[in-house]
Each structure stands twice: as structure tokens, then as C-alpha cells.
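First chain A sits with chain B, and in the next complex the same chain sits with chain C.
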Partner chain A sequence: MNDGRMSLGRKLLLSRSSSVLIVLVVLVLGFAILSPEHRFVDPDNLKVLLSLGSEFSIIALGVGLLMVCGEFDLSVGSILVFCSFVFLRLFEAQVPLFFVALTTILVGAALGIINGLITVRAQIPSFVTTLGTMMMWRGLALLFSGGEQKGCDVSTVPSRYFLPFFTGRIGGVFPAQAFWFIVFAVFLGILLHYHRFGNWIYATGDNRDAARAMGINTDLVKTVCFMIVGVLCGFVACAQIARTACFTSRAGEGWELKAVAASVVGGTSLRGGVGSMVGIFIGALTISVIENGLVVMRIPYFWTYVVFGLVILFSVLSSMYIEKKQREAHR
Partner chain B sequence: MNNDDSEGAVGNPRLCYIGQSEKAAAYRLARRLFDEAKAKGIDLSKAHVAMAAEVPGANYAKIRASGILEAMKEYGITSYEIIDAGGLEMTTVEARETAYLLAHPETTFLIGLGGICTDRLTASLKAAGKQPGEIIAGGFDTTPDTLAGIKEGYVTATIDQQQYLQGYFAVYVLYLYNKYGFTPNIDTGGYLVDSPEKIALIEKLSPEHIR
Partner chain C sequence: MERQNGEPLVRMVNIHKWFGRVYALRGVDFEVYRGETVGLIGDNGAGKSTLIKILSGYHQADQGEIYFEGQKVRISSPRDARKLGIETVYQEQALAPNLSIARNIFMGREPVRRWGIIDRKVMNEESMKALANLGLRLRSPDLPVVTLSGGERQGVAIARALHFKAKLVILDEPTVALSVKEVEEVLEFVRQLQREGISVIFITHNLYHAYDIAERFVVMARGKKMADVKKKDTSPEELSQLVIKSAFAE
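And then the complex of A and B:
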């Protein structure tokens, strides 16, 4: 059977994103039906899920993009906390809030570029590079802050737009964080799937040597992808500190592997060159839904890790199955 | 100093312990919260206590929980649960505490067993749509958000373990041990913070790293 003769339904079923979507739909329906008094779909719970879950999910989008490019970033949590510290220091120095946010995001971009340059210039696997910077940025944040938690209440500074921009409610209901999650997903989706740079990302992740032979500056592509991750970390640092009104040196701890998990669940290949923004978006959402849903279901939290593991394994196995079916369909 | 063996001197060949008696501090906190509920006319026999711990199996959490359980027995409270708040990452802790509150409307008391869990109490209660005092909350340590929560009425009380004294007495006792062989156990903690006056004192001395 060739691709042209496949039905639309079969094509959809054989796309990587569809298997992730099926997992998400099953989880959402399961939690909605089985949670006591259907509290999973309670508006208050959905608001919590969308606002708090989106902070992590925004970063996961960048990590997924980078994985399509064939690289990892284990330093996202540490970039986040370092950016938070920069935010705190500038805020304490009474710098105007939007300039604080802009500088924080630029610092995030710079840290991403450093990750990229070390990886491509020194030819070090990004797993090792970002393992090193993960420890370094977290360590520096601890060193400079003395490991202390410090108040950083931005609401004390008169600003009409700053808090609504990062943590407000659109129409009084929809969390701003979820809005930004969608905006970033759409932007990165267009970049990945409808822009020439997206083709370069796929080509670089799929076969770096072949991409180079085609004239693609793979070092630049990778560095830009690292920078995008850094920008997203800086943005989330602003949103998180605006919401919590404090700096803590533990911010973002453990998010690095969760972000990788979200990307894998979303159908992104660990070898690079394969993945979609829709899949990564759904994967990130799936991780947030599992975390929230199990608590709402009153299931002891230790089960979360078991469910994460099962969902990751199912996603990888279903992706392998889909790849096999796609190969057969193209014969 | 700071954290004793769960069995005290029996479980650890230490000279002495200088720090908070975790069980006594938790017991004191719990009694303060349960008294608050009694004053509000809440039927404690039907009350549910939720205890959020950053690391549920850790020594501090287990010992503090045991102090709360002891107070619960005295007040006739039987229903409780220890929540895994998912580590030290604040967004994760807040998300789990909020989800728990939404899933467990029977919750009467929400107690943070550690500083991060206590810090996130107010934000979690607000996110779950609770009014100040609707859930009786309290915990440990005096982070800025915890103190703000007490001022706003979302948090009833917190425990200040008075770390300054732990450092001060640790050096002082070593001096006395060297000179006279003294090895006293000193309980430095269990200071209940539950009023604007106590908060004012802490806020005044906190920048000097005394409170």
C-alpha cells in the first residue's frame, strides 16, 4: 500500500502525535469520570492545572525543540533559578519592572548560547555540557543568594501591566501562563513546521553531516535552539517570581528530566530529527495532567512515578510501532 | 545541632543535641491549631488533618508528624493523611497542595511539615478558593510568605526554630565542654509565631540574621 492510498483516518492513526493524544484523552476522561464528584474538571482545578502546569510546560516546549535538533538540555532548572536570582537582584536595585524582566530573559538567552557554544565548538555531547552547567548555574545561584529564600513582591511596585502580563486572568478566567504556553507553542510550531529554520532543525537532528553538506550551518542552528530554551527559562523565571513573590534557590529543581519526559511522551526521538510541536505540546500537557489528576483522584502520590514510567514506556513503544507501520505503508 | 537522631542519644553516639525538639514543637503547633478549631466550634471528631511534607520519609517529617499525631489523639482526631508535596520546588509543592485541597473538601487542617510546604500554604489556599480561616493552617519556619499568610489570616501559626540559638549555643557548649566537660541537651526551638507582635519582632531582626 502506498501513502497516497491510505485513508485519512489511517494516516491520523499512524501519526506520532495521535498516539500521544489518545493517551491524553484517555487520562483526561479517566480522571474526569473517576475522580470523586468529578473534581478533575472542576473549574478551580482546571485553573490550577493550566496556570501552574504551564510554567513547566513552556520550558518543555523548548527542550523538545532542542531534542528534535539532536541535543539535550539538562540545565533548564538551573538556568531558571539563575535567572530568578538576576530578577531578584535587579528588583532589589529598584530597576523598572519591565526592564528587570527583559534583562532576565536576555540573561536566559545568554546562558543558552553558552550551552550551545560549548557544545558545538568543543564538540562535547550536550548531555555532558548541560550536566556541567546545570551544576554550575545552580551552584552560583546558591552561592550568591546564600541559599536563602528572599521576598520579591512585585505587587509592591505600582505597575498596571506587569502582573497581569505574567500571572493575570484573561477575561477573569483563563490563566495568563496558559495563554503564553499556547502562544509559545504556536510560535515554535510555525518555526519548526512552516519556516526554513525548522527544516534546518530537522535536517541537523536527523543527520548532521548530511545537513552540513547541504550548506546548513548546523552549529548556528543548535546554538539558536539552546538560546530559545534559555529565553523560555528566563520568561518562566519572571512568571514564577511574579506569582510566588519570592526567590528560592530550589526553583526549577527536577524539571530537566520532566521536560525530557514530556518530549519523549510527545513522540520526540532521543536521537533527534523526529518530533512535532503538537506532540511536544500534548506531551507537556500529559505530564501536568498526570501530576494533577492522581492527586485529585486521591491516589497516593508515589503512584505518580509509576504512571509516568508507564506512560513514557507506552509512548516509546507506540512510536516504534507507528514507525514500523509507516515503513510498511511506504513499501 | 539542628537535627537530632530519631532515637536521640540512644540512636547516635553524640555528645549532646542543640536544636529544636521536633516532636515537642510539632505537638505545640498542633495544639495551637486544634484549640483554634475548638474556639470556632468545629467538631474535631470529624476533622481531617492533611500534613504536607517535601520529603515524606525524611527524619524531620516523620518526627514532626509524630508530634502532631500525639496531639490529635488528645483532641480525639483520627482522620489524617501525609501528602508527598514533591520536593523543594515551590511550583510543584503549590500545585500538589492546591490539588489536594480541591480533591479533599473534608480537610479541616493543612499543616506544612517543612518550610517550603508552609510557605506555599497561603497561595494554595487562595488557589483552591478558600477564605482566610476556612481551613486552619500552620507549619514550620518563618519565610516571608508564611509571615504574610499569618497577617492575612490564612495561616494561624508557625514554628520558629530559632537557628541563631543553635549556632550560638553550639559554640558556647563546645567551650564549656572543653573547660568543664559540660554536655547539655538544649531545646532551642518551638517558638510559636501566631500574632502580629511576634511577626514584627521577627521582621525587625530577620535582616540582621538573628531571627
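And then the complex of A and C:
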């Protein structure tokens, strides 16, 4: 490989996303073949997988983007539940649904900005900042809601657009959540790979000092990425309540590490500067497939974490191997 | 070559800088003329880096004035410095290793089409052109910088300065951690800058790397300028004596 231009096939094979894709394909085939009566590929299950899984996956996209710029957000589950609570209160106060949803998303954006500002202004590692806000927002949501589950049936209010927007079926089949997952992935993918802001995200994550010396406002870049995560959390809060017709203070529990796992499985570096939206997309899908697949296989839920662990380790090891091969190919 | 008659490109006057209780710069005067290459030498902690970081907008002076092309200027950010035409190549910090060569050269100044979408074709072509101007032939603008040698990396950073029409390029320890062959490569890049008429400040504590290419030497120690001599009036032996003596003098 001396001309620097590799054949497409070889390029694909050597891209970080490929090992993830192989994991995903193996898992999907495995579940499809091994699940009783091939229930994994049953249209009903696929709909469940695509609608439930997409809620988590949408947030994972943002977490991955944030990791590319070198930061973590452990507070996603808590921002989600806090947003859900805001939604509940506004809904109970009979605010028109459009404004309920808009406010919920704006609150998500605000909580993301708070994470960002604390991190960049006080120069605290975001791992710590968001550990703090993770506890705080869930704590407040628990406090205000009394830790209870509350009905929040959006369908009791006449609205032509709200439910179809968040939980509809495109062509009567394809879940709206999955549609939004793809839309967000494409949008964030264009932002990250084709827009100048994406280059700032990479530069900030890869070498913050260089980025700053080149006049990039790295604090702004990071804060915007935190905000994007917050917006996605607010969006998913709306989608989740629309689907379940209730508020639960346990919403989003455990999503923070699952989202990090999805990003890592998708080839994102924990040190920032490395990652792709395709990889994060496939990584998020992989995590959702594992969760759903094990349920369909009737394997006790506790196994989920064992499988997560194995998949994470396998992906990291294989992407390290691919990286090494890649460098050799360049030399 | 007598340059002292003209207006200096940059003139820093009576620059003071405190870091908390540390008195890092104690009233330094420093100037660079057009097309001139100045070797800024001195031991670690002498204040060389602080001085040029003030010039490149990374730090602000607590006291003192900066004149650029005769005009008094305030340089309060790296962006301000670049607008004036001052480009800095920091030691080991100038590039994002996982990003491509082209993305590094245009970092923060990406050529865009509508809606801020990067114009890859322009970016790649211009990158290859900038590298070729420096005499550096790399296979593809898409290669990540991490795959390049140390000398090539400095070349990419210098090509960036060249492409954006710098009037003054500051090289902060550009030869640190390079092999002998790579050092020669970097010196060749600097000669190319000289041929283009660009002023250069070459910071190093290895006098011998700077000796070949600089026309004037400024020796710093403990936050003060200890000497300012033209190459024709000195020798490497005398300079290294100056560096050693001034580091221990009190």
C-alpha cells in the first residue's frame, strides 16, 4: 500500500466500524437462529426492538459525539428523568402539548449547557461534573415526584401531531423512534464529518492546545456538544412518555454507562479525537440488540451484563488490532 | 545586511509578566526585522517561551507594549495574533495526531461551501500545494498526522503557517526530540521560509541547531535579556559561554 489510496474493500475491512459491524451481524444471526421459533426476527419483536432500542440509541449518539471532543456525560439518564418530570408537571398543568414538548427539550438543552459550563469554566473533568449532576437531577426528580410512578396519558388530550410524531408507524410498520434515530444519526454524522464544526470537535478532542492555538474556541465546542446531548435527552423524554403514557422516576437508569459502552464498541476513543458516527450508530444498535436478544432468548436478565462485558472487550481488542494494521498499511 | 535602519516588523517594549508570585519577565525589549531570522536562546525557565506566548496571544503581558509594523497592537488571543500574520509552531503541540494532514493544515480555518460544509476538494488541493511549496512530498492529504515522521510533522505545521501568508513564524523548540536527519529537514523548511521573505523566531536551547540559520541571537536568562548580538559579531563558543554565564550570574 504505497500509493496511500487503498481499494474500497480493503478500506472497509480496515475501518474501525467494520469490526463492530461484524459483531452486530453475528449477534443478529445468532439471535435469529437460536431464539425459540426464531422469535427475534418476528415482525412484532423487531418493532419492539426498533422503538425501545431507538430511545436509548438516540441518546448514545450524543454521548459518542461528546466523547469525540474528549468529554463524558454520565448524567444522561438523570437529565432524561428530570425532563420527563418537567413534561409530567406541564402536562398536568394542561399546557398545550406542543409547548410541553418544546419546554422539555429546552430544559434538556439547559441541563446540558450547565454540564458544559461547569466543566469548562471550573476545569473539572466532565467525568466528575456529570457524576455530580447525575446524582443531583435524579435526586431532585425523585424528591419532587415522591419516587412514584404517575400516569401521563398523552392520548387523553386531542392532538393530531404529537403521538404520530413520537410513536407513529411510518407506512404502518416502521416505528417513528427508529426514524428519528436515523435522522439524528445522519444529521450528527454530517455535522461531525462534513461540517467545519465537526473538525473543531475532532481537533478539540485530539489536541486541545493545538485547537486553541489555531483559534478554535474549545470551551464553546465542548459546551455545544453537552447541549446536543441534553437536547437528545429532552427529545427522548417526550418520546418515552408518549409511548408508555406514564412517568417513572427510574427512567434512564443505567443508560449513562451503556451509552459509553455503545460508543466504545463503535470505535470511539476514551481519550477523545477518534470516533465516527457510523461506528457510534452501529455500537448503539449493538447494545440494543443484545438487550432485546437476550430477553427473547429467555436468558435471565443478569446475563445481559456478562454479554455486554464480553462485547466491549472484544470490540476494544479488535479495534486496537485494526488500528495497528492500519498504521502498518500507511507506512 | 544592515536591517536596523528600517522599522522592525515586531517590537516588544519593556515587557513584564508575573505568574502569581513568579516574576517571569522583567522588562524585556525584543524586536524582529522583516525577513530576519532571530535565534532566541537560553536555558529552561529563562522566559523564552513566556515571551513568545505573549507575542502569539497565549498570554497577556502585565506591562509593556507591542508594535506590529509600526502600529501599537493589543494581542489578546491566538486569533488576534494570526490576524496580524503571526503564526506559532509549538513544540509537539501544533497538530492533532489523529486528524488528517489537510484537516490539520486548515484547522480552525476550514474552507467552506454553503452552511459551513467543508470544501474537501479545495482543502486537499491547497494542502498538497502548501506542502509542495515547502519541498515536502507526502502521499495523500488524507493520511493521519500520526503516521508521519517527526520532521514531516514539523513540515505540516510550517506549511500551515506558509499557506496562511504569515509575516512572522515563531518556531518553539522545533528540533526537540528529532533525529539528526530530521533536524536537517526542519532547518531546510526554515530556509524555505527565509527565501519567501518571512521573519522567523527560532527558539531553542540547542544553540547549534539555530546557529546555521539565524542572523541574530537573543540570549535570555531569568526573565531578562542578557545579550543581543549579530552572528557576524560572535561565534558559537562565545554564545554558549554567554548562555552559561548568564544562567549563573546574579
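Everything below uses one rule, namely that the second predicted complex is superposed on the first by the 327 of 331 C-alpha atoms of A that agree within 3 Å, B and C clash if a C-alpha of one lies under 4 Å from a C-alpha of the other, contacts with A are read in each partner's own complex, and residues count from 1 in each chain.
The criterion applied here is as follows: a contact is a pair of C-beta atoms (placed from the backbone, for glycine too) under 8 Å apart; a residue touches a chain by one contact, two chains touch by 3 or more.
Not measured: the values here are computed from a predicted model.
Superimposing the complexes on chain A yields a three-chain arrangement in which chain B and chain C fit side by side.
With both structures placed on the common chain, the touch criterion links A:197 to chain C but leaves chain B unconnected. Between the C-alpha centres of chain B and chain C, as viewed from that of chain A after superposition on chain A, lies an angle of 150 degrees, to the nearest 10.
Of the two partner chains placed by superposition, A:115 touches none, neither chain B nor chain C.
Contacts of A:145 after superposition: neither chain B nor chain C is touched. By the touch criterion defined above, A:209 lies against chain C but remains apart from chain B after alignment on the C-alpha atoms of chain A.
When the shared chain is aligned, no partner comes close enough to touch A:103: not chain B, not chain C.
A simple residue count on chain A separates chain B from chain C, and the partner touching more is B. In the superposed pair of complexes, A:273 makes contact with chain C only, with no contact to chain B.
Once chain A of one complex is fitted onto chain A of the other, the partner contacts of A:240 are limited to chain B, with no touch recorded for chain C.
After superposing both complexes on chain A, the closest C-alpha pair between chain B and chain C lies 37 Å apart.
Touching of chain A by both chain B and chain C, each in its own complex, is seen for no residue at all. Residues of chain A touching chain B in their complex: 35-36, 39, 42, 44-45, 47-48, 51-53, 55-56, 77, 149-151, 153, 240, 243-246, 248, 250-255, 291-292, 295-298, 300-302. The touching residues of chain C, counted against chain A in their complex, run 56, 58, 77-79, 82, 88, 90, 93-99, 103, 106-110, 112, 115-118, 139-140, 142-144, 146-147. Chain A makes touch with chain C in their complex at residues 2-5, 190, 194-200, 202-203, 206-207, 209-216, 269, 273-274, 327, 330-331.
If you check the complex, the residues on chain B that touch chain A are 83-84, 86-92, 94-96, 98-100, 102-104, 115-116, 119, 123, 127-129, 143-145, 148.
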